[in-house]
Every structure is written in C-alpha cells, then in structure tokens.
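Naming follows writing order (A, B and C), and every chain is counted from residue 1.
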Amino acid sequence: MSSIALRGLVRRFGAVTTLHGIDLEIADGAFVVLVGPSGCGKSTLLRLVAGLDQPSAGQVLMNGRVVNDLGPAERDVAMVFQNYSLYPHMTVRRNLAFGLENLRVPPGQIAERVDEAARVLELTALLERKPAQLSGGQRQRVAMGRAMVRQPQAFLFDEPLSNLDAQLRASMRVEIKKLHRRNGRTLVYVTHDQVEAMTLADIIVVMRTGRIEQAGSPAEVFERPANLFVAGFIGSPAMNLRAVERHDGAFTLGDDTLRMAAELAPAPARSLQRAVLGIRPDDLRPAAGAPVHWPRLTAAAKVVEPMGSECIVTLGAGPLELTARLHGRSLPSEGDALELAVDPATLHWFDPQSERALYP
Amino acid sequence: MRPRMRIAAGARLAALTLAALAVLLPFVWIVAASFKYEIDITMGRLVFSPTIVHFDELLFSRGSDFLRNYANSFGVALVSTALCLSAGTLGAYALDRLDTPAWLRHALLGWSMLYYMTPQMTLVGSWYVLFRQVGLGESYTALVLTHTVMNLPMALWLMGAFLRDVPVELEEAARVDACGPVKTFTHVVLPLLRPGLLATGALLFIFSWNEFAVSLALTRNETATVPVALAKFAQDFDMKYGAMAAAATLSLLPALLLLLLATRSLVRGLTQGALK
Amino acid sequence: MARRWPSLRLWRAGSLAPLVLFYVLLTLLPVLNLAAMSVSDVSWAAGRSHWSFVGAEHLARVADDAVYRAGVRNTAWFAAVSVSIQMLLGFTLALLVSRTTRGSTLWRMVFLLPILMPGIVIGAIWKLMYDADFGVINQVLAWFGARARDWTGSPELAMASIIAVDVWHWTPFVFLLMLAGLQSLPPEVFEAARVDATPWWRELTRITLPLMLPTIVVTLVFRSIMAFKVFDEIYLLTSGGPGTATEVISFSIYRTFFVQGRAGYGAAVSLVTMMLIAMVVVLALNLQARLARRPA
C-alpha cells in the first residue's frame, strides 16, 4: 500500500509563496506526472513529498498517516535526481548498495538486490566502475538502480531525462515505464516536457505558479482541458486560442475568417458577447468532403514545415495566424490558398474573464 | 601575421624569464652563500670553493640548538595544522550545510574577517600575559594554540570554498539513502574534500612553519622555532653570515619539498580562495 | 526528521564548538584582557603578575606618542605604495603572459617560491644583499661606477628598501592570481572583440578590466590587509630605524611589550590600533554599500 495524499500544502520562502494550498490524492500504484513550465513549483512539491523539505503549512500523508515529521528514508521513498547525484568516489556497486548498508540490510540480501537491479538495467559489466567513467545514459540507469534496490513504497523522479539527448530520452522513457509495470509501486514524476507527461502518466497534474490547474488522465487533460492554460500547454503543436466576437447571432473569428452560428457553441457559451475559441491543429481538415454544417475558413499557407507523412502549416488570414497539422504526402506550397473546415464538436470554448473552459 | 606573432611570443617569454630570474636569483645566492667560507661571503666572491662547514656547525656542534629548533618547528606546524584543519573544516561545514542560524553565521564569519585584519602583534601581548598566568608561558602548547587560531580564518575561508564545490544534492541523495547526518559528512562529503584538505593543509603547514612574530614573542630558547633561531643569527653583533645562510637554506626545505610534490595542490588552494 | 533533530542539533553544536572555542578563548578573551590591561599597570614579580589601576593614563598617552603616529603613517604609506606597485607589476606581467601557457607548472613553481619562504629568510637574504660593504647590490653598482649606498641605514632610502623587499616578496603571488583570473575569463568575449577589430587599449579598459574586477578587488584587499601586518622584514632589516623612518605598527607594539616591558601601555596601543582598523573596515563597507547602490 503506497497511497499519497497532499492536503493544503503551502510552501513559502520568505515573502515569496511557491505553493498555494495544494490538494492532491495519489492512488496506490499510480504513475503521476507533475508537469508545468519552469517555476511552477513542481520540483518544490516533489521535495515536500520526498521529505527533503518541510511545508510552511499543510500535510503530507502516506497510507493515511501524516508523515510531515519523517525524513525521506523513514517515509520509505526513493528518489532519482535531475543530475543523478551519484556518489563520485564510490563504484557503481557501492552506489547501489549504500542505501541498503545504511538500512542494515544483511550483506547477502544487499548483494542479491544489487545484482538483480544491475541485471535488469544492464549495468552488470559496469559495477566496478566509477560514475566519472560512465556515459550520461549509464549514469541515469545507475541512479534508477539506486532507487530500485531500496524497494521503496514510492518512487520519485525529478526531471530525470532533461540532461539526455533526444534519442536516449525516448529509450529511457520506455525503461521507466517498464520499471513501473514491473513493481507496481506509486511513482511521482516531475517534468517540464508535456510529451513525456502524456506518454508516461496514468494521471497528469498540470501546474502553474504554485497551483494545480488540472489533474486527470492524459485523455481527459487533452480532450477536456479545464482552462486556457491547460489547453495551451498540453498538445503539440499548441492549440490555437483566439478571441471570437458575437455579431448577429454568430461568432466570428478575425475579419470574418471563420463564421459559425451561435447554436453550434455549447450552451454556456451561446449568450456570451466575447469568448476564446480553441482549435487543435489536428482538427483543421481540408474542406473538401467535410459535412455542410462544419464552419469553414480560407487562409493562405504562410509557412510550411514538412514532417514526413504530415506537415505543420502556419496559416494567415489578414492579421490572424493559425497553426494546422495536415496529413498526406502532398504538401501545400507557401502562398497557396487553403480551404479548411472544422467539426464544431471538437472546438473548445473558454470564458475570457475566468479563463475556464465551457462545456455543455 | 606569423612572424609578428612569433616576436610577440618571444618577447613574452623573455619577460617571463626575466621575472623568473629576479625571483630565483636571491634564492640561489643564499644557497650558494651557505656553501661558501665566511671569508668568501664577506669578500663578495662569486667564484669559490664549496664547504659544508656551516652545515656541520649548525647541525652537529654542541653550541647549536638548530636540530631542536627544526624539530620544534615541525612539531608545532604539524599539530597546529591538524587542529586548524579539523576546526576549520567542521566549522565551515556547520556554517554552510547544517542550518546554522543566520546571525551566528554572520557573527562567526564577520569576526573571522575582523580578526584576520588585525596585526598579530595586537594580541600577542595579551597572549603572553594570559599564557603566563595559566602556567603555559613560552610552552609548546601556547605556540600550537596560537598558530592554530592565527590560521583559522584562512582555513575556514578555503575549506568553505572547497566545500561549495560539493553539490548539496549529493547530501540529499544520501539522506534519501537513509544516511544519518554524521555519516553523510564522513562518508560522502569528506572523501570529496580530500584534495581541498591536502591543498589547505599544505598551505597551513607552510604558514605555521614560516611564522615569526608570534613565535618570537612566545618562545624561549628551548621552544624556539626555526625562524626565531634564524633571526638570532642575523642579529648577532659578530654576524656569522655563513651559519645564517646555511640555516636559511635548511629552513627552505619543507617549502621546496611541497613545491616539488604538490604545486598543483598549492596553486589550487591559493587561487581557489581568490577566485570564488 | 523529529527523531533526527536532537542529534542534528548536537552534531551542529559539536562541529561548531572547536571553532567557537578557539575564537572565544584565543581572540575574544585576549581582547577583553587587553581592555583590562590598557587601564592598568602590569608588572611581574616572582612569576606572578601584579595589576594596579591607572585609568585612562595609557590611552591618553597614545595620542601624544610621536613614534606611534609615525608608525601609523609609515604603515599606511608602506601598504599603499607597496601594494600599488605589486598590483601594477603583477597585472601587467600576467597580461603580457596570459597567452603563453607552455610549461606552466614550472613557471608556477618558480613564482610560488617567495611566498612559501619564511619572511625571516627573505629578510636575511636581502640583509645580505643590502649590506653596505659586500652586498650584491652595491657590488653591481660598483661595476657601473655608481656610488655604494647605505640601503637600510639612511633615512631617505630605508623605507624604499623595505618596499622593494615587499614588492619582490609578493609580486609573484599577485602575478599568479591575476594570471589565474585572466585565464578563467571566457575566451568568446575576446574573440568577439577581435572580430570587431578592437584596439588593445579599448579591449583592456572596456573588457579585460571590468571582467577582472572581482579578482582584482579580492587580491587588493587581501594584499592590503597583509601589508598592514608587516613585521618580519622590519625586525630583521631596520628595527624600525633609522629614527622612525621604517617604524611600523606591529613593530611599535612588539617593542613596547617585549623590549620595554610596558604591558599596560602596549595594551592601550593595541586597542587603539584595533579601533583604527575597525574604522577603516566600517568606511570600506560603507563605500562598498554606496557603490552597490549606485546605478550601473
């Protein structure tokens, strides 16, 4: 059992408040990813969960017990640091064994666990080397191994992949996912990369300036973002968020570039004079063959970025710019006029004042 | 461009060589003097036939205490360096990593700086009186203790700089690894401080060895250190230049040894402080 | 953490204790003792000390002490001139040399030598060199037909001779520090300057010096502090003479305590010295704070 609960966590540094009252329930065995831009407080939150830091107010609970006064070892958590933090003067074997030695695990068991972790992470050949003799990816695996051998109640990862190159990052993502599947323990993972978040998480927690903007499954967060920030943060390329105005019972985007009847908008949005419309780049389809009730727009292709079997097009219509992702092998040329349509059911509406999403 | 750059490089080399000669010449001169007969020195002869009579007299004659002075210097330097390194390293660690309240940190570092700025002589008089009153006047203990405290600001400062090179995350990883605070210091931080300890220790040893002013005031004949003995040679009315030169040469040995064995260490220690 | 906190506090106290003990017992206590001595007459009889209260008598005399005043003046002058020369020479040499890095360990060994030598040895060497009769310097002058001079005995030359010794002693160290500083500057900045065809004097004043400022300031501060403490060379070469030409603070205090045996007065002089230094520190900190507040 390794459920984690955060109740009203606040962290202040002098006059600056880094976390404003965080409430979060993490189920036993869940893979939770804290994601957000730099400075949103995700690493601070992780450190509070780890016990490396004390909250200014609020409680951290594990398995229903308040653990505020317990250190990381006493909470039985293991952590993988951003810069790995391997002990430079110890061999890989000693790095892996150090925690177990401190916990007075019998030497036979230590050797067993170390060898097992080394086997799983393909470190057996490197056990007698020192961290300085290892590559970045190897160091990362040692850091993971160090956490693994502890067989903790929960794993905590602090941006472990940000120092690796793209290719390595992709393969390490898989390793981490495998680790989670293998031992089923709760895993709390911090990253600023929303792609990592989307691919790894059972639950994504989107944070901004010390607050949780939304917590939910990747599908939830992608398809039903709770507010403007989440909508713009999740998804690559980012969702198009533009102001629309209501004239004569229809919402217009830009200089009448897109026009749609108010009835096509969800009920809470219909009566608004102004709103923010969100269109995912994937949802802009070629108008040819699209149902009649789909709103249409015509724009010129200003910039075309080919990506293999698809391309990202920056569209321009007057002062308005939109991003679209088009599939198919044939690319539009720059300057081409494109006619696109969008399914009104896939549109996202936001209240311009509260920034909250409006759903039917 | 090539020939001009070569001329410039040549000029630079010449400037360096000149400076190096300026540094080395006096040193070479006194070493040479220690092998000259007294008469050769006073006549200022550059060409001479070497002799070891001064060394002989210095080290082995009954009238000379030099060997004991040498041992005194060595003992005092060793013990005071050990004490200074311990107190300084532990102190620097506590101030930087153990959540010392800000007022205490400022007070200690501030006092360190203030103390470092005052000439040693201002406290020597008081030291003399105090030590004498507790029966430690002119003793080895007095010398060791004063040398330790004189070098403490430097030790604190240097070890603080080396400590900052050890990332805090390493200590946090140890905490997560169920490592207690003392064990974190001994097993994680200290091993990484070894080069810093060596560099600082070497410097502290040299500074203690070279110390003159306080040693002059707080020792008597039996406890005198090498610099004090040297000063006596230089002060005598009937100056024995050869003996003085020989004593000077011998007193340079620790520095020379450290120089040959640990240049990088010494440079690291000296520049570490200044560049941080 | 609750379980570990008591032991953490103990550990913190334990590791600070040696440091604090040394400072309190060997610096704070002596200062208080000095204060007590400065208002007393201390004499020794049969191995025990006898104190008698004399009030502000000693402290008042310090103000009138012409020798002490000369000492303060000389020390300040010595520090100012000697350190300036060292900084200039050291920096210039480092600048000239910063692009040559071949065999750097050898150069480093040579230039480290002077500060690793006991001050007494340096004093002894220069005493021999300065000797009016057979010193090398007068010999070399004789080759060029110049007159031999009394370097340490004549009032006009004594201070200059002492300064020369100090310059010889410390310039290599300043050189090493400046060199290390220069070599740690980012090369890209200079490459950009070269691409912009910057003349050497502009590169020096607009790029090198501003970037080197922290290193220069630290070196300057440290060397000045050390220069104020000068003692060894004075003791060996001039004993403060001739007259008060090379009288310096440390020597005045030493003589008062250990040659003249006047502990009470010596304590008063020590206290006054410490107060002077404290004033300088306060001024310097003030200046630094004001400079920091000034808009760049």
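The rule is short, and it goes like this: a contact is a pair of C-beta atoms (placed from the backbone, for glycine too) under 8 Å apart; a residue touches a chain by one contact, two chains touch by 3 or more.
A quick note: this is a predicted structure, and the numbers were derived from the prediction, not measured.
Between B-C and A-B, more C-beta contact pairs join the chains of B-C.
Using the average of C-alpha coordinates as each chain's centre, A ends up farthest from chain C.
Distance between chain A and chain C, defined via averaged C-alpha coordinates, is recorded as 58 Å.
Centre-to-centre separation between chain B and chain C, using Cα means, comes to 15 Å.
Mean C-alpha positions place chain A and chain B at a centre distance of 56 Å.
For chain A, the set of residues touching two or more other chains reads 71. Shown for chain B are the residues in touch with two or more other chains, namely 180.
Along chain C, residues 4 each make contact with two or more other chains. In the complex of the two chains, the chain B residues touching chain A come out as 167, 169-170, 172-180, 183, 188, 191-192. Considering their complex, residues 50, 52, 71-73, 77-79, 81, 83, 85-89, 98-99, 102-103, 146, 150 of chain A touch chain B.
Those residues of chain C lying in contact with chain B across their complex are 4, 7-8, 11-12, 14-16, 18-20, 22-23, 26-31, 33-34, 37, 42, 44, 49, 93, 96-97, 99-100, 105, 107-114, 116-129, 133-136, 139, 168, 172-173, 175-177, 180-181, 184, 215, 218-219, 222, 225, 228-229, 231-232, 235-236, 249-251, 253-254, 256-258, 263, 266-267, 270-271, 273-274, 277-278, 281.
Residues 9, 11-13, 15-16, 19-20, 22-24, 26-27, 29-30, 33, 41-44, 83, 86-88, 90-91, 93-95, 98-100, 104, 108, 111-112, 114-130, 132-133, 145-146, 148-149, 152, 156, 180-182, 185, 206, 209-210, 212-213, 216-217, 226-227, 230-231, 233-235, 241, 244-245, 248, 251-252, 255, 258-260, 263-264, 266-267, 270-271, 273-275 of chain B are the ones touching chain C in the complex.
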